[in-house]
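Chain naming follows the written order as A, B and C, and within any one chain the residues start at number 1.
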Amino acid sequence: MKNSMSRRQFILAAGALAGSAVLAGCGGSSTSSSSASTDSSSASTSSSDDSYTLVKDGTLTVVAELGFAPFEYMDDKTGDPEGFDVDVIKAVADKMGLQCEYLPNQKFDTLVPLIKQGGKADVSIAAITITDVREESVDFSEPYLDSNQAIVALKGSAETRETLNDASKQVVCQGGTTGDDWITEKLPNATRVPVDDVTAALTGVQTGLYNAMVVDLPVAKYMLTNSFSDLEIVEEIATGEQYGIAVSKDNPNLTKAINKALEDIKSDGTMDSIETKWFGSTI
Amino acid sequence: MASKHHHTHADVPVVPDALSAEEAARLAFASDQTLTKHHFTEGEHPIVRIEHLNKSFDDTKVLRDVNLDVWPGEVVVVLGPSGSGKSTMLRCINLLETPTAGHILIEDQEITGQSKTDVNKLRREVGMVFQSFNLFPHLTAKQNVMIGQTKVLKRSKEEAEAEAIKQLTAVGLADRADFKPPQLSGGQQQRVAIARAVAMHPNVLLFDEPTSALDPELVRGVLDVIRDLAENSGMTMIVVTHEMDFAREVADRVVFMEEGVVVEQGVPEKVFDHPENARTAEFLGSIG
Amino acid sequence: MSINDATARPNEDGGTGVIGAMDTRLTWEGTVGDNEQVSSITLSLPEGATFDHSSTRITVLDGLNRTSIEGTATSADNSMSVQFSEDIPAGSLVRLEVTGMQFPAEGGDYVVSGSYTTADGQSHALDDSAAITVIANTPLQAAVSWLDAQPWVAAWNSNPFLGMFFKPQLLLASFASLFPGWLVCLGIVLICYPFAIVLGLAFAMLKTSRHKVLRAIAICYINLLRGTPLFLQIYIMFFGLPMVGINIDNNVLGVIVMAVNSSAYLAEIFRAGIQSIPQGQYEAAASLGMNGFQTMTSIILPQTVRRVIPTVTSDFITSYKDTSLLSSVGVMELMMFSKNLTTTSGNITPYMAAAIYYLIVTLPLIKVVGIIENNIARSERGGGPRPKRRAAADASDEVATAEQDLASSATVFHAEASKPAGDVFAALSAPFVSHPTVDLGGVADGE
């Protein structure tokens, strides 16, 4: 904690130094040259009121749970992050004149605490629904996508929202997701099983270890089409939840800059083309 | 536990079948009369017969055609330099080592080539005292003496306990009955080990260098116990040792072995004072 | 307009109950009738509930699609109403999430009633919701609330590290809520361990057997289990067994996996322990006429048990900690509870509480291991001379290897060799020792 604080302060200082002293050419390190390029494109100068800090100058450092296709997943061959969210954050970073860099895969339930703590990543974009509880820990950008939940069970299992609300039923979810919350509140009698990994959860449903899974509807659709053909969506839950990009509360200007960039990619058609690429149509 | 050495050598010596009991007794009587202080009785048979005993460890021949008869109540002391095969011979007698070839008979019963169960039965007849005591460290002195009696001879606990106290008293350790081996000195441990062997009332008691692992000042106490057994128990004893004075005093017969062969044997006075064999003389000279 | 559902978010720290007089979130969901448009909704709760300081999130959906409609919420004691910026079309689903409201302190079953206004200005009553069960404040919650009010707690939590890792309120709540998980951990390891010991002993016997096939079976079993991570074994068993049609209760399966895994390690410990018993012990037993079974049960195993107690205890500690891996497949043990709690609270403190629950068991056991090790080292050094010559030479070589083996399988018996490990134990158990654990070499000697 102490470390990350001082690192952030150091970057601020380095930014200030670069802004004012590039011409003097002192301490000519890669840090100063990259922050100089940041300055030119994102107007992040020490004198300006809307300056923000970055973990790594010139780069938007992103953290996500990379097992949530089609929003973010690792490419089979390259291991690079792919998906709707990845394209969105790349487009956002592009508008901000920043490089985009992903940290290694993190568990979903650690994403919000990690952004809150700061120091490791600037933002997290991982199909994170904007909720009151999460807003106590982090700031969110404006919503960039609407979503819903789904109950997934074995084909022909005859499970419903009503039959699942029973102590003998194990309902699995990814820990810390809105699906997790939904089970807690709407299926209070069921045994809720939060796991780390969507694939493990769905495999468990497939093998009969769990009775059903509650997961974001687009993910359920994608996974069932691509890998789990013997499962089906037994109920679509209209939650109308909205995904946002999580940013530290210590960095309000970054949130503002991201909102500006989101507006830009919505208005110039980039968002539409990303939606079409991943969902076949605009949403 | 049988030997862990296995022999598949083609050059296993071919030895004749064991002699009949009568034949063996006749021949042994004829040859041993002058070699031992043992008082022969009419029609007596040797209690231990070793005929053409051969033992190899891998390529090393440790015993080469050893022949020896031991008479009931006789005390035989086996001498010889290290590696002469005397301990191996002793370990063959209760089958801790399996002979490569030859016969060992106890009370005219062949013990080589027996089934496992019979081997265990036989071993009750033959007690052994080891160089390194081999007391059971998790049991008290008394329990060490009792365990063979209760487990093998199926004596009652009371009976075994009474016998244990008796034998511990005989070796002068009644007051250490409830001590565990690590709390006893080496000499005390060896005396408990002797009590443990004697409590089984074996026909033959084997001593494998019983004092070699002891500090010099502890040797006497152990020898005194063995001497007492030799003089008063009437038990047949075969003792492998380096204690010359002890051998001269206690032995009915001294056997000198070298390189796996019995080189010379006879009454102690004869072997010690007028050795026939040059190697015996040399060995005794170097020791004496 | 018809009501679909009304629920409250559990606000019990580390629990699933809805507690009165504490902030919670009421979620109310209704569907607009086919022939009407709605301009405002009022929700009411019985006397004692309060909507003061609440805030409301409005979601209007047409099927699965959001309709962008805003609204203004006003609250008055036990009722609140929302005036929408535009009329909500027929057939829409409306969800109101009222955060920061409170149910009456005394608890009980409460129904949400209310009314709505249609576009034509007419007011209609809303059907009552199904009852929401609210519990009265628990003593634990009272203690948490008391902590909430303490200035020193606030000061403590204002330090980002302390607040994140050792938040007093959450620590207290965690202890209470992790308790069942701790029992599950203990239960699993205590039930599995006797089975593991029996299995381990059996495989140790097989591995030291004279029969090649039996030895091969034991070697396969032991090496497969020791050569793969427990995590993997858990996955294979939990996902694999149901796939071949075998369905076993999660906790029972957990016990089985842990027992099988531990048995492989125990087999090696027992094997090394048995082989560390000097050959002379077998010979002495044989010279008394004992058979193999008698030798094993009354001479070898009793000595082995004494020698392996420290290693087995260490293995027990490992098994106890390894039950945490079962959380990955939904066994409701300590880690599972703490993960849930961390997820809902966004705070690391529940993990700290879990750590304490683990340490409650492991620290005393570690201390016990140290004491036993010292005792054994002491009694072995008083254990009389070793054979000096002859056949004893190769026998003692064998003993040395076996002992090394045993030592490397977890802990070390001889005080000399256990120095580094001893230091760690000493450091960990420092609060528990009244004197230094350094061995002073007081050898018991009979002479």
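Methods note: contacts are C-beta pairs under 8 Å (C-beta built on N, C-alpha and C of every residue); 3 or more make two chains touch, one makes a residue touch a chain.
What you see is a predicted model, and the numbers here were worked out from it, not measured in a lab.
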Looking at C-alpha means, what's the farthest chain from chain A?
B
Per-chain C-alpha centres versus the global one: which chain is nearest?
C
Cα centroid separation between chain A and chain B, in whole Å?
84
Let me have the rounded angstrom distance from the C-alpha centre of chain A over to the C-alpha centre of chain C, please.
28
Indicate the whole-number Å distance between the mean C-alpha point of chain B and the mean C-alpha point of chain C.
62
Of all residues in chain A, which touch chain C in the complex?
1-2, 109, 112-113, 116-117, 132-134, 136-137, 146, 148, 170, 172, 175-176, 180-181, 184-186, 188, 191, 193-196, 200, 203-204, 207-210, 217, 236, 238-242
In the complex of these two chains, what residues of chain B are touching chain C?
1, 82-83, 87-88, 91, 94, 96, 116-117, 120-121, 123-124, 126-128, 130-138, 147-148, 151-152, 176, 179-186, 188-189, 193, 196-197, 200, 212-214
Of all residues in chain C, which touch chain A in the complex?
5, 7-10, 16, 25, 27, 55, 57, 59-61, 63-66, 93, 95, 97, 99, 160-161, 164, 235, 238-240, 242-243, 247, 250, 328-330, 332, 336, 339-340, 342-344, 346-348
Residues of chain C that touch chain B when the two form their complex:
278-292, 294-295, 298-299, 302-303, 306, 379-380, 382-392, 444-447
